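I have a structure here, written as structure tokens, and I will follow up with some questions on it.
In order of appearance the chains are A, B, C, D, E, F and G, and numbering begins at 1 in each one.
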Amino acid sequence: MFNPDGRLFQVEYAKEAVRKGATSIGMVVKNGIIFVAHKNINDPLAVPSTIQKVFRVDTHIGATYSGMVSDGLHVINMARSASQSHRLVFDDVKSIEALSKEISSYMMQATQYGGMRPYAVSLLIGGIDNVPRLFEIEPGASFLGYKADAIGTGKKVASEVLIKDYKDNMELDEGMALGVKIIKKIHEGKLTAENVDIGYVMDGSSFGMYNRDEINALL
Amino acid sequence: MFNPDGRLFQVEYAKEAVRKGATSIGMVVKNGIIFVAHKNINDPLAVPSTIQKVFRVDTHIGATYSGMVSDGLHVINMARSASQSHRLVFDDVKSIEALSKEISSYMMQATQYGGMRPYAVSLLIGGIDNVPRLFEIEPGASFLGYKADAIGTGKKVASEVLIKDYKDNMELDEGMALGVKIIKKIHEGKLTAENVDIGYVMDGSSFGMYNRDEINALL
Amino acid sequence: MFNPDGRLFQVEYAKEAVRKGATSIGMVVKNGIIFVAHKNINDPLAVPSTIQKVFRVDTHIGATYSGMVSDGLHVINMARSASQSHRLVFDDVKSIEALSKEISSYMMQATQYGGMRPYAVSLLIGGIDNVPRLFEIEPGASFLGYKADAIGTGKKVASEVLIKDYKDNMELDEGMALGVKIIKKIHEGKLTAENVDIGYVMDGSSFGMYNRDEINALL
Amino acid sequence: MFNPDGRLFQVEYAKEAVRKGATSIGMVVKNGIIFVAHKNINDPLAVPSTIQKVFRVDTHIGATYSGMVSDGLHVINMARSASQSHRLVFDDVKSIEALSKEISSYMMQATQYGGMRPYAVSLLIGGIDNVPRLFEIEPGASFLGYKADAIGTGKKVASEVLIKDYKDNMELDEGMALGVKIIKKIHEGKLTAENVDIGYVMDGSSFGMYNRDEINALL
Amino acid sequence: MFNPDGRLFQVEYAKEAVRKGATSIGMVVKNGIIFVAHKNINDPLAVPSTIQKVFRVDTHIGATYSGMVSDGLHVINMARSASQSHRLVFDDVKSIEALSKEISSYMMQATQYGGMRPYAVSLLIGGIDNVPRLFEIEPGASFLGYKADAIGTGKKVASEVLIKDYKDNMELDEGMALGVKIIKKIHEGKLTAENVDIGYVMDGSSFGMYNRDEINALL
Amino acid sequence: MFNPDGRLFQVEYAKEAVRKGATSIGMVVKNGIIFVAHKNINDPLAVPSTIQKVFRVDTHIGATYSGMVSDGLHVINMARSASQSHRLVFDDVKSIEALSKEISSYMMQATQYGGMRPYAVSLLIGGIDNVPRLFEIEPGASFLGYKADAIGTGKKVASEVLIKDYKDNMELDEGMALGVKIIKKIHEGKLTAENVDIGYVMDGSSFGMYNRDEINALL
Amino acid sequence: MFNPDGRLFQVEYAKEAVRKGATSIGMVVKNGIIFVAHKNINDPLAVPSTIQKVFRVDTHIGATYSGMVSDGLHVINMARSASQSHRLVFDDVKSIEALSKEISSYMMQATQYGGMRPYAVSLLIGGIDNVPRLFEIEPGASFLGYKADAIGTGKKVASEVLIKDYKDNMELDEGMALGVKIIKKIHEGKLTAENVDIGYVMDGSSFGMYNRDEINALL
């Protein structure tokens, strides 16, 4: 399963699937985390609102993914179960870091055994552990924390803009505006309220999603 | 199982099987969902009524598929069981979206493990969750909501017509007429009441199928 | 397991085995179903009566197959068990359509998992569900109802004759005479009472087979 | 496992192993069944009597095989168990036909699953079900009744002689003489009492084997 | 696993391993069985007595093998267990023939399933069932009785000598002298008491082995 | 799984993955063990503190790894469980050597069975068993004790420096300064407090990590 | 798994791994067994004492191995368990020969099943069964007793010296001096007390290892 270069072929190929997925962005902002995710839906008869790119994982945790839709939902569901299970067993919320590690460990299994394929998704998972935390987990199951990060087809462009424009302690609105600006840049301005999911977790309030009007105000 | 391009070979090939299946169309109409599905049966001694393309999944949910017959029936049966099981456990109907996700999750398993092949079917599943909802699930297990959608051999032609002629809040009869028109166009007019299944779910009434006379009135 | 064309290689090859099997014919006649099946046995020392091509599945259901002998017997046995099991559980007879679907579902499993091969048989299964019903199930597990149908090596010739000569509401004897005529045509007249199985299910009477004298009267 | 021609490669190859096995002959005679089987042993220090080619399966059933020795013994043992098991469960003898079908079904499993090979044996199984019955089962698990039949390396020669010389209602001795004549012809006369097994089942008496003197009287 | 010629590749290759094993000889003598087996050990620091080629299987049964050492010990152990188990269950000794068949059946399993390899040993197993019996079992699991037989690298030479010089009802000493003469011929005279195992089973006495002095007397 | 050279291909490839991992260094110092590990993170928006390279395994045991992130965490977790389990069963701490052997045994399984891949990590594990002990375990599961050792991409450079500059009984601070010097040399001076983990186990005190200020004091 | 030559590819390759392992020597001396094993460790910072090449298996049994470190430890552990288990079950010590056979049988399994690889180790196992016994077991699981034997990279050189210089009934010290002389010859004199393990089992005393001073006295 390793190539002579020490890489797992199937993991490299699964990453290629992620590179083709619609772009998702996550940012740490002042007292919170935001997610801005593109839905790459061009069919005029499709209902973009039926495809979800930003998810509530727990009251204090949100997530977004890029890659294969069914794998993304599968891993998000796994994350929700893990978070709920922690509440039941410990009567306490699970930390973002602990959850990221558990997702990483779950996705790692799929890279170790023959007869399975790796999950073709990268995840951004974030929320509030006293302070805001944001993690990326990729098909090879490694994970890393970020202040701001992008996954999917626009990762390169998004990262360049984030490096230039992202600032610590941005306000929630500033962050969302930056996220929307990046998605617009990637898609050359063609962005409607229907083709973007915007979610957030703020210290003191639970996970929320912007509605169409709130998104339109940002476009 | 991934190719270097990040695609699952077997899923791509299963999609090809779907592309060769008889065309099925689903539409959201005013207060309801309609399904118009072609049965590509040319043998004069075959009994087209024995092959079903539109199915009652639950009182408020219908479905149609394109692709391998046996896989289609298998997945429809799985959907029926999931819907009934939800009723038993929660004493409530399962939402169209939740059912679509469960089918997607079921079909996703068949793409993840060696020793299995993906299901060679696309499904249109629709019904009433307060408002009418229509979803397509494909062999790779991704799903998406549509206002109007076609699967199978005539997908391209059907989509073009739907984009041009489909309107929001069409009456049930208008929608069915449009569906029949599309199937006729794909097959150059050669359509009989026996070679088409027409089903619907309307708000306030449960899933129903048109009988031969009702279909003939539309031809 | 799919080829790039969306077909299952092993299913296509199993169909080839069916195409080489001795011809079987089924017809809906007035108030009944008839089966006429050839036994392609040329060895003068063989005892054709030891090979069965038409089977009683239940009192109201008969069947015939073309293809690999051992697979045919296996699937017929499966059908018998399913029918008996239905009687035990529901205290009622199983409908022809329900049984056909169950056989299809059983044969479909053999196309989905690695480490198994598809069944190399096509079946004609028929009987009385208030009205006479006749279904064909093929190695890919799809099934379809017919008024009259042929499987096996003579399928093409048989279908041409059936399309020309088969009529709705034929009498039992007419149907059998037509079936025998077709088998004779396929084998250029060389047919003896020993090389053909003739069975029937009539409304009001259970499954029966013609004896040698009855068959001779038809030759 | 199927080739494009609809054949199972491994079954075809197993048949080749049967074609290389020592010849066995079975015949229906008046009120009985006889088996004459060659033991192809040329080593002057071998003890041909230690290799058995004709077997008692039950009091009323005998058998012989051609092909791989260990597979032959395995299937014969399976047949003995099936026959005894029937006696225990039903307190009645198992019919030759039912036993042949059960062996066929057992051998068919070995053709259906990966990770196994087919049995490289053909069997002749015969005995008295009111009337004498004789069946051949081959590596592909199909079975057929015969009045007289040969398997193994001399099958072609044996069949030609049987077609010419075999008569219905031959006396036991006539049948055995014919069988011995055929084996002698195949091996150009070089046959000793040690290189042939002769067994029989007669109506009213249970399975028996000829001793060396009885065989010598036939040479 | 069969080649087109009807042979099992792995069995043919395992036989090649046997052909390279040190020679073992078995003979039926007057009222007994003898085994003479070579130990092909040239390392002057090895202790040939630590490698055993002739084994006591039961009081009345001995054995020798040629081929892979670890496989040989494994199968000998299996034989011992089978013989003891028979004693426990039936309170009687197991016949040589029954034990040979059980070993054959055990070794046959290793030729039938994927994921295993055949045993790379041939066995000579012999003893007293009222009369002396000697059987050879080879990697393909077929077995045959012999009056005198050789396995391993010197099989061809040994068989030629045995055919010429072996006589029925040889005395024990004559047989052993013949066996030793053959081993010497194969190895051009270079034989010491340490490089040969000599064992016997005589009617009325249990399995015994010659000690160094007894062997030296034969050299 | 072995190549003709007696190596396990997958283990060699997994070692290549380790050779690409960020450098980790371990040293025995006076009365203690220190770990200095690089975090090869260049993305300005990443949060290096979220990736951990030096771990507390037990109060008296620390560890660091180089190679695949998810494999590293998996094996570290395995080590923690093994150490806790020992405490529970024996009511005593597990020795460094015993734990290293258990990790080696665990990683060895992954090299022995098909259907798994080796772990793509090397570990340095160290602590106090009366005296300080430091072990390296590599993907092939062999382990060896060291006074000072490096793993990962800078292993060669680090080893040269260690051989030259490492001394027995260095003070804790000296050792850490040497470790930092080496990491700096490997990365040409570009090292910040965020890109390095420094941990230690001292006799009489449990495992500890340096904070940013303490690390900065060393840069 | 066999090649046409009757060899197991994976076993041959595993033997190659043994041929590259550090040399181990075992000798029968007067009333005892000695083991002298090289540790091929050149890294000046490694701690050779952490790698063990000579092991106490039971009070009266010692062992050494050459080949893959993790496999060596695994098999040594297996041997220890087998010896302890024998004590528990039979309340008596296990003989060297019985233990060697059990190790052989264990290692043989790894050569018989697909999905496993053979163990890449040769073992020398020795001790006192009334008299001193020494056995070698190799990756193919065959075993043989020796008066003196060497395994690993220096086997050829060591064997030549042993054949020339080894004498029966050497004193313990003579044997150890000879072993050390051989290791020195293989490594051209570069041998320190740290790079060699010397162990012994003497009649009347249990397994012991030389300490550094005792080894230095021999260098």
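Basically, a residue touches a chain if its C-beta (ideal position, glycine included) is under 8 Å from a C-beta of that chain, and two chains touch if they have at least 3 such contacts.
Only a predicted model underlies this, so the values are computations on that prediction, with no experimental measurement involved.
J.: Please give the intersection of the contact partners of chain D with those of chain E.
T.: Chains in contact with chain D as well as chain E: not a single one.
J.: Through what angle, to the nearest 5 degrees, does chain B rotate to match chain G on its C-alpha atoms?
T.: That pair's rotation angle lands at 155 degrees.
J.: Return the distance between the CA-based centres of chain C and chain F, expressed in whole Å.
T.: Comparing mean C-alpha positions, chain F is 69 Å from chain C.
J.: From the mean C-alpha coordinate of chain F to that of chain G, what's the distance rounded to whole Å?
T.: 31
J.: What residues in chain G touch two or more of the other chains?
T.: Answer for chain G, listing residues that touch two or more other chains: 114-115.
J.: Hey, how would you classify the chain contact layout here, line, ring, star, complete or other?
T.: Contact pattern: a closed ring, each chain touching exactly two others.
J.: Since the chains close into one ring, what order do they take if you set off from chain C toward chain D?
T.: Read cyclically, starting with chain C and passing chain D second, the order is C, D, E, G, F, A, B.
J.: Under the stated contact criterion, what part of chain C meets chain B in this complex?
T.: Per the touch definition, chain C meets chain B at residues 1-8, 97, 101, 104-105, 107-108, 111-115, 133-135, 140-149, 159, 162-163, 166.
J.: Touching residues of chain G toward chain F in the complex: what are they?
T.: Its residues touching chain F are 10, 12-20, 41, 43-47, 49-51, 68-71, 73-74, 77, 110, 114-118, 120.
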